[in-house]
Amino acid sequence: MDMESRRESARALFQSMVLIRAFEERAAAAQAEGKAPGTCTSVGQEASAAGVVKALSSNDLILTNHRSAGHLLARGADPGRMMAEVLGKATGYCKGKSGTLHISVKELGVILTSTIVGGELSLATGVGLSVSMQGSDAVVACFFGDGAACEGIFHESLNLASLWNLPVLYVCENNQWQAFVHRKETMLADHISPRAASYGMDGVTVDGNDVEAVNEAARVAIAKIRETRKPFLLETYTYRTRGHYEPDDQTYVDPEELASWKARDPIASYKKKLLAAGTVSEADLAAIQREVETTIDGAFLFASESPYPAAEELLTDVYA
Amino acid sequence: MSTITAHEAIGQALAEEMRRDSTVIAFGEGVATKRHELVEEFGRARVRNTPLAEGIIAGTAAGAAATGLRPVIDLLFAPFICFAMDEIVNSAGKLRYMSGGQFSFPMVTLAMTGAGWGVGAQHNHNNEAWFVHSPGLKVVMPSNPADFKGLLKASIRDDNPVVFFLDIGLLYVPGEVPEGEHVVPLGKAAIPREGSDVTLISYGKTVHACLAAAKTLEGEGISAEVVDLRTLKPLDEEAFLASVRKTGRAVVVHEASRTCGVGAEVAATIAEKSFASLAGPVVRIAGPDVPAPSSYPLEQAFVPSAAQIVTSVRGLVGK
Amino acid sequence: MSTITAHEAIGQALAEEMRRDSTVIAFGEGVATKRHELVEEFGRARVRNTPLAEGIIAGTAAGAAATGLRPVIDLLFAPFICFAMDEIVNSAGKLRYMSGGQFSFPMVTLAMTGAGWGVGAQHNHNNEAWFVHSPGLKVVMPSNPADFKGLLKASIRDDNPVVFFLDIGLLYVPGEVPEGEHVVPLGKAAIPREGSDVTLISYGKTVHACLAAAKTLEGEGISAEVVDLRTLKPLDEEAFLASVRKTGRAVVVHEASRTCGVGAEVAATIAEKSFASLAGPVVRIAGPDVPAPSSYPLEQAFVPSAAQIVTSVRGLVGK
Amino acid sequence: MDMESRRESARALFQSMVLIRAFEERAAAAQAEGKAPGTCTSVGQEASAAGVVKALSSNDLILTNHRSAGHLLARGADPGRMMAEVLGKATGYCKGKSGTLHISVKELGVILTSTIVGGELSLATGVGLSVSMQGSDAVVACFFGDGAACEGIFHESLNLASLWNLPVLYVCENNQWQAFVHRKETMLADHISPRAASYGMDGVTVDGNDVEAVNEAARVAIAKIRETRKPFLLETYTYRTRGHYEPDDQTYVDPEELASWKARDPIASYKKKLLAAGTVSEADLAAIQREVETTIDGAFLFASESPYPAAEELLTDVYA
């Protein structure tokens, strides 16, 4: 990569993470002010979303879960329509019927978002099968948590994808938490990626707080999938630094552990790295930050002023 | 017309629909083994055996259905659907609505159930009411080979998730089936026998108990109309309400356990929407609220019989 | 008596039963985190967090119940039970029967449901009728803090698998709860209000809509009796039949979808067993047959309201 | 082991396998003659059942599945009451309510038999938890097939048992078939035992047609469980040489593969080995065989002459 494209890529990754952070913190603040229902944020994990999604091509598909704002925004979803969905408004991507936890945007290829933990794993094989039978070269990225990796459907999904050569990039965002249960209370090993071996699949763990490392690991994995049409398990090892669902006082969290991960904040670290390397200037980054703030202000205004769905909507979209 | 079993009628429907539409695929535990004629015609990509894992079979179907394929999956016996409830109910049934209409799920789930095989409640559990009670699904349960074919073809063409129950006691009984294009629309009941004194409403195997009972009753001067629901969701209310408005009496019959079964819905609908026409209580004859036993005589005793229906109707008509 | 929420009443019931019987244990995703006072009193062996895996949580409970423990498990939200259907229905519900009575399954499964949280159909799905329709299970759904406590204590002491639904809209509403030993027997309905013109039959949150409607109706000179079913399986038929025999009119109300809901069973039972007393159709007021939406106004529109009940009763009574 | 106890042990293992074979072949023959409903036999796999069960102590517990006759008979179940259950008779172990596929015998510690594939895996952790909380030193043996190892509940069960230190001996009888689907059509790897690593558990594969090897491997595994109170995965690699369920014409089976496994029949092989080593005499073995035939004749007679359950039994044993 030459300097200019490196700078472009860095800007995009940084902008994406900042946008995700700003969007989620605004949604959380709105909840605290009584202006929005609860929501799940991915604060602390932005590098995972931005790094992986930016490695995908536009015809690739994404399945995600309750903690999806990052994947959607990195993919280019409109923050206004997303915020409207969070608020249950008619202008939301799902007409307010989803609310915050299962936003799908079909036109962007972010499909079948589900808040059933493991739902995305159960559906990804079918999407992979469609893609593969249609002869498309698309890759299906399936995001899930360390909790989902405890569900039986994880086992079933990876086994089938491997057996049938389905082009699925499994991305386990191991954020150390399963709602109010620490990951260590749910499994003996620290990592999920070695489980890929049970299915004859390749698996790799990457530092989920280093956006460039994630991006690079995802690129390698995606290239491999395109070449071999076989699935791949990528684990992004990271940490959820806000609560599980707003509001959440996090009294169940070990403060030292939390502090140690906050010290490794993906946005702050990346900023430091970029400035140190001189890739981007401080002014540049500040401009991105300001632009994002403006975007989010606009998004929240749009969402707040949007109408709720009409009462008749209660009964529509049930059957095709 | 040819005389074939329901099992063969299903094979015919699958082959015809796969020929007609290249997006129709079929998979499940042993589908490729049991339907090798489909493998021969359509190849191993469209007709597949799977690992023993109902959850991912159904999930794969839902994911594929939402992205351009029309999967037919075989989950073997109805109790095994327990491992696929999330995929069928929470994904296929709800994600259209939850996404504001962005996705549709044209998929068919086949499952056998009912008495006749003597292997007990972990194979024999008439749980169709679960799916009738779940939003976004359609539910079908045919009573004869022609309907097996026609309803399966309609189910495959439907853009919604259909749970299609095969009453095992009917699968190997032959009947007349039209060749080629024979599509029975979902949501339409049949009236295999007309009558004026009482309406017998049923589906699946017990339709035949109703028909036998009607024959016996005819000899006693009681004229029974038989309604075969065929589709359990959407229910053809108009069909059975019209019949009850005519006869003034209703007996609802099914093999599934009584409590909260489909018969409860039918009886409650009658009690609400055709109350004024009723000359007597709405009677339900159903399986007892116990797991299905294996032992042959107990298994048989589980299933509503023509004799029970006759006795009930006599009581109702006051003869 | 003290005034506490249903959430606290559940904690009280758990603590009292764990104190009383050392075989009572509790586990689930976050149980030890959320009920840390139980961890402090009873230790980490008896109060456990689990991996995120509903199937094995329920299966572990069933296996433990059959071998001497009395587990209470928390599956969080009712739709997540989809991942535990096999263990609850096929194992806990059937293996007693299938083994000829060799095992029993004293276990309680907790699950929240209902409108009030605004997160849509994958969290909010009133699927209690599935379990009412499944053999070998008991099903409970309380409407007030005292019953939450008393019914949970009875459920824990019961030797059968109980699925215990927590209507989320009720969990943080305070009410009077007797201290200490307060056991509400399973299978017994309550009559929180007596009346003579019409019977309103309900359970869970909509009991309060019925009570509010009854108050409004009183002002119009219509006397409504309210039956709170409390236990959905076994259903206290005698209680609601006796009431309907007295009033001659019945309106059945619940938030769960109408088709094949518990209301269908209640209405069908009335139409069959107290037909002669009926002065008019048996009316059902229930959630629509659609997935629960997230958006606040839609979510509210999903739930039967006192106003709907009042309008229905006026029509029924002919005023 | 001295010569006499070696002889004793050999006799017991041989007798057990011969009894299982004779029982199942009689049940199958009765089906063919229209005298019994269908049944699942484990012909060809007897070494797995006999080898493992004979390694257990009397207070250990067993969970098994649809292919359970071997485990039950090796544990000492009465062939008469078992055959009565197969025929759905009132004298069966489950009063005829189970029939052939889910025979439990609580007094022998064979509990919660289930024909839902994976059912035994879902229940075994709970039994392990009971045993462990009661401070008993019992081990819970959980038998399941290669098919069950494809179900998600396999993943959930092994993870929990490992995490909670439950004394479960997982025995995967990898018989190369999952009803009418060959194991190779369901997974990439040949073996199940390496999957134990995903859960931090030990796993071993043993030749499932060599009864002494199975018995020895089971003894080692059980000793380890008793010592560590941790679960263990033992895979017995074998082959089902009869059909999945009677009747079954096995047209879907590769005749060469079948023949090659029949040539390794566990009973014939063991007989040859014992005679070659002089551990037991030909006459001895013939006597065992004759005795077994008599037992099975008696069992079938008992079952045939037993009454069906009374009609009232339809409604009993639902609730405790």
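Chains: A, B, C and D, in written order; residue numbering restarts at 1 for each.
Here is the rule we use: a contact is a pair of C-beta atoms (placed from the backbone, for glycine too) under 8 Å apart; a residue touches a chain by one contact, two chains touch by 3 or more.
These numbers were taken from a predicted model, which means no experiment stands behind them.
**Student:** As a test of understanding: of all chains, whose mean C-alpha position lies farthest from that of subunit A?
**Tutor:** It is D whose centre lies farthest from that of subunit A.
**Student:** Compute the distance, rounded to whole Å, between the mean C-alpha positions of subunit A and subunit B.
**Tutor:** 41
**Student:** For subunit A and subunit C, let me know how many angstrom lie between their CA-based centres, rounded off.
**Tutor:** A distance of 36 Å separates the two centres.
**Student:** Could you give the separation in Å between the centres of subunit B and subunit C, each centre being the mean of its C-alpha atoms?
**Tutor:** Centre separation, subunit B to subunit C: 29 Å.
**Student:** Which positions in subunit D are in touch with at least two other chains?
**Tutor:** Correct list: 95-98, 102, 114, 116, 118-119, 150-153, 156, 159, 163, 185-187, 318.
**Student:** Hunt down the residues of subunit C that sit against at least two other chains at once, touch-wise.
**Tutor:** Each of 50-51, 53, 55-56, 79, 82-83, 86, 90, 97-98, 120, 122, 135-136, 289-291, 293-294 in subunit C touches at least two other chains.
**Student:** With chains as vertices joined when they touch, what's the shape: line, ring, star, complete or other?
**Tutor:** Chain contacts: complete, every pair touches.
**Student:** Would you tell me which residues of subunit D are touching subunit B in their complex?
**Tutor:** Going through subunit D, the ones touching subunit B are 37-38, 88-89, 95-102, 114-119, 147-148, 150-153, 178-181, 185-187, 252, 308-309, 311, 313-315, 318.
**Student:** How about subunit B: which of its residues touch subunit C in the complex?
**Tutor:** 79, 82-83, 85-86, 89-90, 93-94, 97-98, 120-122, 125, 127, 129-130, 132-136, 233, 235, 256-257, 259-265, 267-268, 270-273, 275-276, 278, 280-284, 289-291, 293-294
**Student:** Going by the contact rule at the top, pick out the subunit C residues touching subunit A in the complex.
**Tutor:** Contacts found on subunit C: 29-30, 33-34, 49-56, 79-80, 82-83, 117-120, 122-123, 288-291, 293-298, 301-302.
**Student:** Can you list the residues on subunit D that touch subunit A in the complex?
**Tutor:** 150-156, 159, 162-163, 185-189, 194-195, 197-200
**Student:** Quick one: which bits of subunit A touch subunit B in the complex? Just the residue numbers, please.
**Tutor:** 61, 63, 92-98, 102, 104, 106, 111-114, 116, 118-119, 121-131, 133-134, 152-153, 156-157, 159-160, 163-164, 316-320
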